[in-house]
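Following are the structures in question.
What follows is chain A paired twice: with chain B in the first complex and chain C in the second.
Our next item is the complex of A and B:
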């Protein structure tokens, strides 16, 4: 009895604290927790905005797994996602090591600043820039080819070029950002390690291989994890850059969810895919956390 | 013998330095040439913008691209909408997340563990995974096709709350205690003592919010239908994307399309130039937390 009274007193005394955190809590309930519950719920329904939504058990999931289109976009997501995870970790790492060898610091700062620039831009801007650069009329790539007498190529509607181009453009956008993480990690390496290696007569290449790379492994793990978490969420780039010709090679899960759910209003079906992606992301994230902890 | 060795190693070092810098120059050019190209084309005439030449400078400079952008494409409305959403969203975000971050620095109060869990767990739930139910929620709240929907989305984020908490924890408790002695109220302590001392944290959050809200795309695709409420990214998309393939829509020349890109990145470059140190700080904190 007395303790209830005391609890009530303490809650009343700290009312301001609860008030201050209230907006955050309400937001997360409305736009994180409830949607997770709702989403799972919708995935078991023949969901309608108007009229009654019937529960239909696992039928949506059944339909998802039976659709050829679903497995095609699943495959695309894995291919694009995996390439992005690997390339936007290792290449920025080498970039950072190269940049670290630059002695003239204004030049180094300049390179770093410029490399980071595309990360600031939206996918609409980056996609728009590349669509233009690669265009047959007015694009700079075809203009350069023209100097050598080559005919213009419409790069973005070449089916076999689509994935490499999308992966490359993603790298172009993200490399500078990831590079900054590695540069900071390099700056944190104990300089005595290098001095000792120099005295032992290790050349620049050996110092990079046996000191810098091992010292960067921790950062590499963090970057790989960040990339893995983002891998299945690719949406903006595809939404902006896709066209019907290359669609079979580049349409990804999130794009599929959007089209099926919010353009064709097959909400139950789309929700089932979302739940599935969410589950996979969780599994992949947890396993890669494990793997990296124990084996690197 | 020994001096011979040194001179070969010096030679290979020099070779490496040259190769290294050549690669870096190529990389920088791969970033700069497209951007210069975009800028140059935005100032060409309609005809020149379709030329198959390398354009790093317009042959006959012209602002016709910008004229069409503002007159026929009517980019001003989306630009203003974007500004409203970005400014309002960023201010409210800073306000709400610093309030929450402040509460989490408090030592003991009932339900703290639960509240900590409630504001950190959502980091595991990416927006992309819940677009269908969030869409349903926005309909329920009656916010579809309003700019409020875009301001509301991401109005708080775990990342910002934790960042503010870290900044607040660096402030000596004695300051708050002496204020308490003087009879100051909790909110006064927060707003008069803590907030001003956490300005670097606020700057970092604001800049990141500004950039991500300025570029906000998926929520606008989901929640906005009427052209009068289009944000910049939505308007820009229909302007720059794949017009060669959907030539049924009226043709807009390359100069207008590039002008659209130029005006949408100017605010970003402006922020980047003036706040570079906060960018790097924010990136580091973001990665370390993981």
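Our next item is the complex of A and C:
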């Protein structure tokens, strides 16, 4: 009772601030929460665009889990998603620490710009660039191989190369952005810590291991959590870069939802997968928060 | 004090925003004001060739029909998604273009207005001199209704070769698989462009198999799905009968006759290779025989380039090509302006409709000079294509005649082409068939393994008899 009174007092006191935040709240209710409710509802229906849609209980979920193709796509999503989570957190951190050691500022800025540039491109552009770079006829990589007498390789249709390539290209696109987050965090580390360590005789490696890395942990947690939340929602890269040969290795859940829902009009089935993705993402995110002790 | 003022200004702005959002200041629809309704026409093919030309196209439709339309043209790659989303969300759509599998799915979903009675009552569409009545029967749905009006004569795809290269190398038009191999070999290794550099390929295609239907057709196999004796779906391309075709494709790849980007090429890429002396053959729409010739000679009238449509190879199954899948103008069941929408679809097959769908817009794409049509520079560049370069109307005669080579190519298509059956599972068919075919052609697996994989993957998806 007392807490209700306190809340009412706060609202009365800061009513203008609450009013200003209202559009954002309305936006999230309309475009984030209501669609989840609507999607969950559709997942229990034999959905039709026009006319009555019958409720069919858990049949869509049953069909999803009985389809071998779904589990293949789920496996791909886990492999690609969690490789992205780990690599696009730790490698940019490592790069940021290396860049921080560069003393010649113009060179440092140049490398930073080069690293960041791919992040500015859309996946359509990035996909086009890599399809061009790796093409067997006219591609730069194969042209260089040709100079050494090697036969051209159609990299983009090699099943065994598909996942490493897609993970690598995602890293190439995202590394610069994450690297800047870590560089900003490094800039915020108290320089007296380094000075004290140097006086105590700590070398570069020890300073990095015992000062820089621990100081970057909070940023690392944020980056990891953001990556985890997006892990199962990969879509753009696959939509742009996939081809039928490597599809069994790289097709992911969101692409599967898109095809089943909007190309094959099987909206009940697609909604069931969407709810599944939502639930799994929620569980993984909450577990990660707990494991990482996010608020500590 | 300043903080207080800023907060109040923001609050007033917010309130205005919220009130505006509720539509309290809305002025009402066009119709309630007694104005003509504006029909929303969602399409990927009809209209201006450039986005800025669409308003002119809309005005031209209004001038000729008295009906106001507004074109919505999503990018081709996202067309189905955008249209489906608009229909699913109840957005206004009065006329839509729907092709192949999309049309079938829309009918299955009950999204479309049956047009059977309207077509029967239409003096234009029921006129056998304009549209062959057998064509309407062909597209009648199992429930007896017709849900769409044809967009155009869909022609078909066929092998298109460099006729000038054939002549230069002293080669006859190929008739059998062996002949095709010999021609592709000569195009690759006998320097057909005479530049002294080994920079040509026999054949360039895209999307792995694209429209090489004629190769499979030689064994009596049609692209996509077919029904077996038990009435169940099966894929002719996934039968053992298709193995010799995959083996032939693998051989031309291994021998360097097939341009290696065949999996990731889009149609623009292989067209470019063909028009720039890099490949001697592709499989594409009959209309493109004329367009290739027109485009290359527009750049350089002295270029010896000659695109020529030829018959596909003859095999144990005879000869077979793919006719274009029907594209339809449909009227969604939720449209409030069904009568007006149907009138636009009907207009499309009148003489004026044929003119706008081919030549384009009066005063922009063409002018009338002494009672004769004269294309403007823009009209020349648009190559007489504003949604239906070859109208469905049997009464239509293009005042400029057809582009060079088209008539001969169209005759070959008429002789050998059958339409592919459109189903809601076409996308999965494409994915699985093309994926396994590519592995066979690249030599990663044998043809027998490939077709077995196709069948296993169809079974995994629970489609057809597998």
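The criterion applied here is as follows: the second predicted complex is superposed on the first by the 263 of 296 C-alpha atoms of A that agree within 3 Å, B and C clash if a C-alpha of one lies under 4 Å from a C-alpha of the other, contacts with A are read in each partner's own complex, and residues count from 1 in each chain.
Everything that follows uses one rule, which is that contacts are C-beta pairs under 8 Å (C-beta built on N, C-alpha and C of every residue); 3 or more make two chains touch, one makes a residue touch a chain.
None of these values were measured; they are calculated from a predicted model.
Under the clash rule set out above, the superposition-derived model of chain A with chain B and chain C contains a clash between the two partners.
Using the contact criterion defined above for the overlaid structures, shared-chain residue A:69 touches chain C, although it does not reach chain B. More chain A residues lie in contact with B than with the other chain of the pair chain B and chain C. Contacts of A:259 after superposition: chain C is touched, whereas chain B is not reached. When the shared chain is aligned, chain C comes close enough to touch A:248, but chain B does not.
When both complexes are overlaid on chain A, the residue A:42 reaches chain B alone and has no touch with chain C.
Residue contacts after overlaying the shared chain place A:278 against chain B, while chain C stays out of touching range.
Within the superposed three-chain model, A:91 lies out of touch with both chain B and chain C [touch as defined at top]. Contacts of A:235 after superposition: chain B is touched, whereas chain C is not reached.
Applying the stated contact rule after C-alpha superposition, one finds that A:11 touches chain B and leaves chain C untouched.
Once chain A of one complex is fitted onto chain A of the other, the partner contacts of A:32 are limited to chain B, with no touch recorded for chain C. For the contact definition in use here, the residues of chain A common to its chain B contact set and its chain C contact set are 16, 20, 23, 49, 131, 135-138, 152, 154, 156-157, 243-245, 258, 262, 267. Those residues of chain B lying in contact with chain A across their complex are 9, 12-13, 16-17, 20-21, 23-24, 27-28, 30-35, 37-38, 41, 49-55, 96-97, 99-100, 102-104, 106, 109-111, 115, 118-119, 121-122, 124-126, 128-137, 139, 141, 152-153, 155-156, 161, 185-187, 190, 211, 214-215, 217-218, 221-222, 233, 236-237, 239-242, 244-245, 254, 257-258, 260-261, 264-265, 268-269, 272, 276, 279-280, 283-284, 287-288, 290. By the touch criterion given at the top, residues 7, 10-11, 14, 16-18, 20-21, 23-25, 27-28, 30-36, 38-39, 42, 49, 95, 98-99, 101-102, 110-111, 113-118, 120-125, 127-133, 135-138, 140, 142-144, 146-147, 152, 154, 156-157, 172, 176-177, 180-181, 184, 203-204, 219, 222-223, 225-226, 229, 233, 235-236, 239-241, 243-245, 254, 257-258, 261-262, 267, 270-271, 274, 277-278, 281-282 of chain A touch chain B in their complex. Interface of chain A with chain C (complex): residues 16, 19-20, 22-23, 48-51, 67-69, 72, 131, 135-138, 152, 154, 156-157, 159, 243-245, 247-248, 258-259, 262-265, 267. Interface residues of chain C facing chain A in the complex, by the touch rule stated above, are 7, 10-11, 14, 17-18, 80-81, 84-85, 87-88, 105, 108-111, 208, 259-261, 263-264, 333-334, 424-425, 427-428, 430-432, 434-435, 438-439, 442, 444, 457, 460-462.
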